[in-house]
Amino acid sequence: MSQTLRIGGAIGAGLRKALEDDPKVLLMGEDVGKLGGVFRVTDGLQKDFGEDRIFDTPLAESGIVGTAIGLAIRGYRPVCEIQFNGFVYPAFDQIVSQLAKMHYRSQGTVPLPVVVRIPCGGGIGAVEHHSESPEAYFAHTPGLKVVSVSNSQDAYWMIQQAIASDDPVIFFEPLRRYQEKGEVDVSMADAPPLHSARVERPGDDVTVVAWGSMMKVAHDSATAAAEDGRSLEVINLRTLSPLDMAPVFASVRRTGRLVVVHEAPSHVGIAAEISARVTQECFYSLESPVLRVTGYDTPYPAARLEEDYLPDLDRVLDAVDRTFTY
Amino acid sequence: MVNGDQNSTGPKKKAPAKRRKSASTPAADPDMVQLLTPEGRRVSHPDYDVSMTDDEYRALYRDMVIVRRLDTEGTALQRQGQLGIWASLQGQEAAQIGSGRALQQQDMVFPTYREHGVLWTKGIDPIMPFGLFRGVDLGGWDSRAFKFQMYTIVIGAQSLHATGYAMGITKDGKVGGDDGEAVIAYFGDGASSQGDVNESFVYASVYNAPVVFFCQNNQYAISEPVIRQARVPLFKRADGFGFPGVRVDGNDVLATYAVTKTAMDNARHGNGPSFIEAFTYRMGAHTTTDDPTRYRDSGEVEQWQAKDPIERMRTFLRDDEIADADWLESVDAEANDHALSLRERVISMPDPQPAAIFDNVYHEGSQLVDSERAEFSKYHASFEGSDHR
Amino acid sequence: MVNGDQNSTGPKKKAPAKRRKSASTPAADPDMVQLLTPEGRRVSHPDYDVSMTDDEYRALYRDMVIVRRLDTEGTALQRQGQLGIWASLQGQEAAQIGSGRALQQQDMVFPTYREHGVLWTKGIDPIMPFGLFRGVDLGGWDSRAFKFQMYTIVIGAQSLHATGYAMGITKDGKVGGDDGEAVIAYFGDGASSQGDVNESFVYASVYNAPVVFFCQNNQYAISEPVIRQARVPLFKRADGFGFPGVRVDGNDVLATYAVTKTAMDNARHGNGPSFIEAFTYRMGAHTTTDDPTRYRDSGEVEQWQAKDPIERMRTFLRDDEIADADWLESVDAEANDHALSLRERVISMPDPQPAAIFDNVYHEGSQLVDSERAEFSKYHASFEGSDHR
Amino acid sequence: MSQTLRIGGAIGAGLRKALEDDPKVLLMGEDVGKLGGVFRVTDGLQKDFGEDRIFDTPLAESGIVGTAIGLAIRGYRPVCEIQFNGFVYPAFDQIVSQLAKMHYRSQGTVPLPVVVRIPCGGGIGAVEHHSESPEAYFAHTPGLKVVSVSNSQDAYWMIQQAIASDDPVIFFEPLRRYQEKGEVDVSMADAPPLHSARVERPGDDVTVVAWGSMMKVAHDSATAAAEDGRSLEVINLRTLSPLDMAPVFASVRRTGRLVVVHEAPSHVGIAAEISARVTQECFYSLESPVLRVTGYDTPYPAARLEEDYLPDLDRVLDAVDRTFTY
């Protein structure tokens, strides 16, 4: 059974399903109740599931994650909404020192099924602190799992899988794509595993790896490249920790060329990790070094500059061209 | 004159006491300092009073009318796509003008993103924050030259900066005496829950820093009513940290002025921090992207409408014959002129050059940023003449 | 019996009132609840009292003697290289035994790294935390089975976990009635400055969570005296957050018991959070790596020596003929046995297997960790027979 | 003029010099006053410079960095001590959203000469949260500069350079090496620039890049390798943001082989960035993929396991061997 849903709506539908399936699931965060969140992702859920399960928190992110940990210890499965990417940092200590480590410290006796939802990335002309891409901080933190959704189908299924997971999951949502529509098979029996990458467009010449908001850019690039007679293989990473590298390795062994795209700054970013892994595994297959198309190593700039800051079709195609110059 | 230079319009100190037709009866709520009732009646308070010249009364009224008009223009500009977002101060004019006018030249302000009124009282061109909301810059201005720090969007973060700055004032020996320096840190009711804000109370108390925490309790943090932040009045928070807290009618510009002046003077004289809860109301949306009808009813808004800070001041000025109809009209006209000139200047704000992305990441530069800037220029040069962008 | 199972030794509820040779006069400091003076005299308090059987009095004394003796063993074991570090509770026995014994089976404890005494009152084998200090594990134990959470080293972090857990109790409808559940969160005077601790006050208040914040003010955060954290008594902090705060003589096991029991019962009956400041003193070093002579003088330590929690209880037991010399000796002997058995068992704690590094990083596993584990084993296998390590 | 100083003592001496040279320099943190810090790095400084300039703070790290920012705005040059690596996270928001961005936001009008000293790494048998290596989090944050010292000479000079810098500097100190002695030329006129890497041992066969605590391991490995007739070139990176890659590129162009060593977990760690950069710049010179010898992607384990967790001579030599298997 298939429905057309916007990405934001698909996450909301997935949350609703999870709330129906498991009475232990809770949603908490700033303005998630009556308002339904500033992006309306939780719209209507408090009305239908009550203030006990969907509740507004005080304006304190460390408190959101810290109390979610206590609720998880009590046996709940809290889903925390961080209102915008730049506001997760006050909760950083609770996430990296407590949430990420507690299962390890407890020798496996205390699972922490906490999901932290973070709308991430730029592109909506917002003011500062609203357009950050903090994936690398969390991917570098052992004990956390990190995923990123890019379309309605994944949004609907991955949020449910994240909530069902007994590990803490940092769940990134591409805020500038919330409004994009897509088909969702809500009755699918075998959604792909949460921590799996997916080849979304087969190709022979160059592999392009991306996730979240950059999938659209990757697909558009592939379409444009095709017109120039160049065939790009597009891989949606979907999971950032752990990485699912097998499909990437397989692809690069065929294409010999890889371009990785992300919004975050490049210095010690996730593209660097992919480059290091691919170079080690596919050393003899590489016709060109792995090239990165990313945000620059500056703070996120003023809104009127973000078009120039963010990776776009032209920059991806430029990198694709450069992979043939080696 | 495009800005509200405080020498020309601010209350003078040691102003001669004036006639008070109606300053006898005490205010209703003993827990809230009030000097001007919603009906525009002057009332007395045992601990606080102001004696101002008619000029000073009129100046406060003028300030409020102008900043409200400018604020309306901000909202209009956003609606017309000239701004990315606007955070309105409507309803909070008295809290901002009253506290702002109580400051002295040497005092430093640490604002949130809503203190356009305070900015005005510092004599700063009101266009300054529009770069941030238009998206042509990150609000950057010389915060030290203006004695007014950049807007802070991460809730509560500035409270620690303010406290640290105040600790520096003490280290510089600039407290004690009427020319002492003091700091005012603005934040909202929602911010009172943040760890940073509470830590700033600890630091301010332990180091007896000359800082005044000015909390505009406008009853909401976006959609959340203040009961989501605290189940007792916010001004009570201060006591347990070791300094005084007071609630003032934040829609009463006279009371806000009196309370803030006392607190700032205490700070500058070395008597340490204090906390002011300005009890007010956010009449508009949280920002232009918000839809308040989703979480509050019109009845509530109307109740607060009846407590409007400008209305009550106008009534007072009229009843006490401090201002006549002509003058009141002239103020509206002046406010309009300010708004129109602001609008024109905002609309003509130029976009930054693309390469500005790489400016000022560091004060001493960086190999990494320099190389990226070079690549960037090379890359853009490659599009010369093409239809790219 | 190696552990302090609370059924066998804890105070029974509804114990018959006993004769009170000296329970008339009120305590000295009105701001601090006291039921047993440093001299061992029972005093009265308008709001708090305990009536215990002789068994119960003796049980509290026995607990304190045993946990002090076990603590001494911990320090000795560290000195002998058997532990990496040890955090001593010396001087805080009354605060920990008094509060711990006031808990009911269903109550959950969120400790710091110093609550060995509370752990004992929960009937847990005292060897449990030694794995952490020996470095053979990260303290991991089944915190839910024991109703005693893992030690938390990041100052203040557990206060939010405790509050969240308490919010869960409410959601489970497990408040109201004598069998209601409650939570106690332990932290120190230094922790009171952390954002997390203050945020936990906000959350606990807003959600009326059944949690008791138990602050052992042992006068120091490592080298920093409490004046570096606050310039007013810590118990006053609670009021401004909307719940009651009380200071108790933390060296008085009876007062600590009474105050904690009242607070926990309030919480379990749905009357919300409260804050207890147990005014006590860290007699020893912060940890075995600390040298307190660098920051405090012996005179201060001697003054507190005179307020020793065990001494005063012993005096009371003797003067009120609740215990005789033989029994007192037998307790010392029992404590010694506990210590010796503990020592043997600690010394024989095995080191973990190297590959344990990779265990339990995730509940559901991870490709990355699995591959590293495989490399690790392959790598170590390559050294078979070599002199590596 | 040369002195023998332990690394901890050299940092203390450098701090003392900075305090003498500039009255605006302040030291703040937990227990830095009377106690002289838990590692005694600031021992005696409060006595000599007074409580106004060297002061104990409340136990709140966000407050330490947040008030330091305010002091810097006021014109001071605060040096914050974070007592242990694992306790910097409560200050993360103030560091990445405020300290790192303010100069950019202010369009260059507000320099933030704040130094955050962090004793990092493991190896001392400590309990949890005392042995972390959080460099990557900060290196990934534009607006921050990040350096790491490994010997007394660098310790003495780099702390002074960091304090003299008008940019915020995250200053990592190898806690397990605090006691190691070294010669310090305190009258040197031309200390190398703060953000420069250094070849510390020339070699021809394999390049080994490390910093901080791992320098000793790198040098020991080179000595051991020499006995097996293998010549390692050892490079001390010294600066982690920005990286000074020129000496690394030059070296790898000669050796064709690179091993990067750090204590932090490898996933999205700094070695990944170095691998990506070197592969891109030295693509044709590489005889083998860049190999990483790092901590594993688990939380820092119990003390009795840290020997197995941390990179050591054997693991480095093993990686060196593996660079010859490609």
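Each chain gets a letter, A, B, C and D, in the order it is written, and its residues are counted from 1.
The working rule: contacts are C-beta pairs under 8 Å (C-beta built on N, C-alpha and C of every residue); 3 or more make two chains touch, one makes a residue touch a chain.
As the structure is a prediction and not an experimental result, all values here were calculated from the model.
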Taking each chain's centre as the mean of its CA atoms, which one is most distant from chain C? B
Between the pairs A-C and C-D, the one where more C-beta pairs touch: A-C
Rounded Å distance, chain A centre to chain C centre (Cα mean): 42
Just how far, in Å, is the C-alpha centre of chain D from the one of chain C? 37
Distance from the CA centroid of chain A to that of chain D, rounded to the nearest Å? 31
On a C-alpha centroid basis, what's the spacing between chain B and chain C, in Å? 46
In chain C, the residues touching two or more other chains are 137-139, 154, 193-196, 199, 202, 206, 228-229, 361, 366, 368-369
Counting only residues that touch at least 2 other chains, which ones in chain A make the list? 57-58, 60, 62-63, 86, 89-90, 93, 97, 101, 104-105, 128-129, 142-143, 241-243, 267, 296-299
In the complex formed with chain D, which residues of chain A make contact? 62, 86, 89-90, 92-93, 96-97, 100-101, 104-105, 128-129, 136-137, 139-140, 142-143, 241-243, 264-265, 267-273, 275-276, 279-280, 283, 288-292, 296-299, 326
If we count contacts the way the header does, which residues on chain B are in touch with chain D in the complex? 137-145, 149-150, 154, 157, 159-169, 171-172, 195-196, 199-200, 202-203, 206, 359-364, 366-369
Which residues, counting only chain C, touch chain D once they are in their complex? 84-85, 113, 131-139, 153-155, 190-191, 193-196, 221-224, 228-229, 289-290, 294-295, 351-352, 354, 356-358, 361, 366, 368-369, 372, 376, 379, 382-383, 388-389
Chain B partner contacts - residues on chain C that touch it in the complex: 192-196, 198-199, 202, 205-206, 208, 227-232, 236-242, 245
Given the complex, residues on chain D that touch chain C span 30-31, 33-36, 38, 56-60, 62-63, 86-87, 89-90, 125-130, 267, 296-299, 301-305, 307-309, 314-315, 318
